[in-house]
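Same chain, two partners: chain A is paired with chain B first, then with chain C.
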Partner chain A sequence: MTEVLETEPVRAAGPAEPTAGAGRRVRLGWPGTLALGFVLICLLIALLVPFLPLAEPNEQDLGDTLARYSADHLLGTDQLGRDLLARLLWAIRTSLFAGLTAIVVATLIGLPTGMLAGYRRGWFDTVSARIADVVLTVPALVLLLTVHTALRTGITGQMVTLGVIFAPRIYRVMRAETIRVATMPYLLAGRMSGCSHVRILWRYLLPGIRAQVRVQVSYLLGLSLLIEAGISFLGVGVESPDASLGTMLSGAAAMLASDARVVLIPAAVLSLLILSLNVIGDIESEGERRG
Partner chain B sequence: MLTLILRQAALRAVVAVPTLIVVTCCTYVMLFSIGDPAAVVAGESATPEQVAQVRQSLGLDRSVVAQYLDWLAHAVRGDFGESLHHRGDVLGLVGQYLPATLLLSFLALAVAVLASVLMGSAVGARPGGLVDRGLGAVAVLGIAVPNFLVGYVLILVFSLWFGWFPSGGYRTPAEAGLLTTFRFLVLPSASLALGLMCVQTRTFRASLIKEYEADYVRTARMKGVSPSGVFFRHVARNASAPWVTVIGLEIGVLITGALLVESVFSIPGIGTLTLEAVQGQDFPVVQALVTLFALVILAVNLVTDLIALWLNPASRGLS
Partner chain C sequence: MSVERKAESDVLVEVESVTKTYRTGNGLRRGTPTVAVDGVSLRIAQGEWVGVVGESGSGKSTLAGIVCGVVRPDSGSVRVAGQEMYARRGMDRIIWKTVQMVFQDPYTSLNPAMTITEIVAEPLRLWHGVDRREADRQAMALLDQVGLSSAVAGRRPGGLSGGQRQRASIARALAVSPSLIVLDESVSALDVSVQAQILQLLLDLKRERDLAYLLISHDISVIRLVCDRILVMNKGEVVDEHSAASLTEETADHPYTRRLLSAVPRMTASG
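Let's turn to the complex of A and B:
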């Protein structure tokens, strides 16, 4: 009997969930489709690049610098005679993985704490909000530089740090979203039917705030890519000769006047990637507004 | 109204003190645990005995808590200690590098504010129109292009091709006159302003559209208020509140951007000093810079929140 009591009302509450934003189809439109397509292609490249028949990205050929497009080098070579296509594809992998590291860390910290703070309120809310305030005051770049100089853990360590710096942003949005959703009738129904807190958080709250998670993740991933490019450009992120979208810009910046192609290709890929992520974020937020 | 803003300001200032203490304390502990200033001062060829001697003379052999409290006691009196690399005290050093960055940031902020108001008004007044779509695309693109890259493109076009502006470097107003300083800062501030300008344009556009749909706008129009009257007296004021808040949120991005732009245009500013101090493990300077950045972030957020509060009476109830 108790078992029936536990399961039945849950099913009854199920159809109410879409009002909070879960399971709703988002209309992409053509900019959204293009953006999503570009991001997916980049992700695919990032995953598959070790298996592609490419030239060695760090191999220099000083007798063949700044070569034009040819069968050997589809995009030509850079100022050190390295194959531009190979470097570009490896750079996409390095930069995307770096950005994803930051986002995964930020989400793993920000999402549960934000949900818990918005759901339970009380002392946990107060304490976590204060911690978030403190982290938001820390100058990100100084911290990233310090991590680079002192810990020598490479880009991964820096991106984990960036994830911690981003966590309060996700925390704040998730907390606000949770407070909004927590007052909705379907959540009350869930609580009255005797669901455990864990079940409410996982099955009721999370679907309700999923749209905002996607928005934040796509914006912050774009920002992470921008920051990776920035610190690698300064020479304190991914270190040469390894290719990332930032180091490719850094080494080639001086080439802008003589052979702009070497700069413009990675710059275009980086900008398009960030642009696409922002477009995806915009679409989700519009869907949210309509709902 | 004024008392409310003053009360809010006082409250926030009081809350800012523990935040600052925690930030500086964490930085201090972090710097303490990852490097050895004594080894930096003593130099690479120093024997362990010499390093120990330096450590003792600088008071670095005490516990980290004692050292931090000592630093805090001096810092509140404006004494941030001595640089490990440069001669002289940290505050003087920061003061030496600060004006260029301040000037650069203010110029960039002014450009971003002016341009975003103009562009935002143009696109927000007629959403969906040709101007809206055109500028909207520019704004989205402006956010996506890294500002150091914008800097290089500006150098290429306006410095190398047209020769209108210097491609880098900096002269202080005292040594070359304000006009020359301005010429050196035009391209850097333009590349720094672009991102902020685009974010603000989008924010202003969004809130303008929302405000135009509000009931009070319809009422004002029915009363016979002219379109410009509706815009300036009613809509613009209410719509600027979120736009002001964005400045506060973006200030961290502006600081990061300033560092990159300074590097591109080789401007001797705070960004250059930060890079130098962190790489050289000049801990007193790093500590002072973190304090400075945290203060700036807190202060700008306080000021922008108060302005937003003054602009939008509806948010007063929430505070």
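Let's turn to the complex of A and C:
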């Protein structure tokens, strides 16, 4: 049979053409490139900081407090004479790992339950949606303070709790996305091709909702960092003298009037990190909306 | 109704008095029931091309869904290759070895995350247990058979035109080696020249593989062009059934069929 060349796509009215994460390129632009670059640098720092030739982050030198920039202390020292650069880099690691713990827990709970609820509907959808509604009504900070008081779990436990609190947000988006994608005829075509329900979820549904997963992860990671900083500031997250962006802020808060630098540096990093994650989330979300 | 049917032994699909009613509304308010298919019977023999024509909402696509095992009728029976389709759970998977479907919209009927080869090779691996390498080889042969080049094989559906996608959909359906392919408005979304190419392809494949087709369309001129037998549906019922050769405005039994036929534009010498 001769090959037929058809180059002009003909589009009839009907459901919007599906876009799979696998086949889609998101245009970052310069704000997205800067944001992604900053997040990647922070992630790299978080991974490599134990191997960097830095001063001991918790070592105090009370004879050299609030020192200015020098060869020994590139960013100077804080109110207890600790090297500010070392503390900042370790704080990035602690805060990012804490935020990622929350996101991993939230995704592991929210993604499969949301997909299953949207795909199978029925009683599982009804029951899981009601549980999600109940969890969403609980204020995050109140629950985190309660868990800290009752269980003394430390930052890891707090972030796992935060992951559970975030799970319904991911669940709801994934459920809605799955319901949208599940109406596409290609899922039925997949079933007719011999795919099991598990294969349909994995190879047909997941690529279709992957972009939304990335959007949610970006937003919630920013929010996790903010909450980690908040609870550490309140003294129920990372405990002193360990450095996190929150403990750095709480420890130096009193210095704002005398040496704002010790507050502004961790505050700027935290703000930029959250801003970058939100910019990435916005770009991803815009790309998903446009297809 | 003037119909010539094939022998009983050749019957592939036998639909007997099926009825399907949809109910709208929500948990608080019971909506008005809509009868989509009302006591329809249909037989399709091996190698036969049956067309179902009717306007939007006449129940054609519901009937196609019932034949494919994706819409469960409220009453009546559907037998495919001698097996009662709705006798037990999981029959749909058995039926799909015999009956496949090519969907209306080529833009939403192929998995956008997979390449064309993967889409066509998937049924070969899952239905026939062919290993990956052999499945890819057979998929390439199928794509060649439907007129798609190897350059297209590695692409995702997003990089293909509507006609190319519909060819890929046909190749996917063929990969299962079915006896019947249900074409639910499968050429309606394509422009006229591509429609003609796809219909010619379907004719060629029918001859080569002794395939049966159930073509659902709102366009009676397309149905008359290619089908052996035509069913006319109106408000969920089959109001007319004719062999394609015998269907004219004069022979049509039902006024609705005559209206459909009279609506087909004609070329006249006088201009």
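We take it that the second predicted complex is superposed on the first by the 269 of 291 C-alpha atoms of A that agree within 3 Å, B and C clash if a C-alpha of one lies under 4 Å from a C-alpha of the other, contacts with A are read in each partner's own complex, and residues count from 1 in each chain.
The rule is short, and it goes like this: a contact is a pair of C-beta atoms (placed from the backbone, for glycine too) under 8 Å apart; a residue touches a chain by one contact, two chains touch by 3 or more.
Being a predicted model, the structure only gives us computed values, none of them experimental.
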{"item": "Touched partner set for A:151, first chain B, second chain C, both or neither", "value": "first"}
{"item": "Partner chain in contact with A:186 - chain B first, chain C second, else both or neither", "value": "second"}
{"item": "Chain B versus chain C as contact partner of A:140, first or second or both or neither", "value": "first"}
{"item": "Which superposed partner A:195 touches (first chain B, second chain C, both, neither)", "value": "second"}
{"item": "First (chain B), second (chain C), both or neither touched by A:208", "value": "second"}
{"item": "First (chain B), second (chain C), both or neither touched by A:112", "value": "neither"}
{"item": "Residues of chain A that lie at the interface with chain B and also at the interface with chain C", "value": "none"}
{"item": "Residues on chain A engaged by chain B in the complex (per definition of touch)", "value": "130, 133-134, 136-142, 145-146, 149-151, 222, 226-227, 229-230, 233-234, 236, 249, 253, 256-257, 260, 263, 267, 270-272, 274-275, 278-279"}
{"item": "Complex interface listing, chain A residues touching chain C", "value": "1-4, 6-12, 14-15, 17-23, 184-186, 188-195, 203-204, 207-208"}
{"item": "Complex interface listing, chain B residues touching chain A", "value": "15, 19-20, 22-23, 26-27, 30-31, 34-35, 140-141, 143-146, 148-149, 152-153, 155-156, 160, 252, 255-256, 259-260, 263-264, 274-275, 278-279, 281, 286, 289-290, 293-294, 297-298"}
{"item": "Touching residues on chain C, where the partner in the complex is chain A", "value": "68, 70, 92-93, 96, 100-101, 103-105, 107-114, 119, 122-123, 125-127, 144-149, 156, 158, 160-164, 167, 169, 172-173, 175-176, 188-191, 194, 197, 201, 204"}
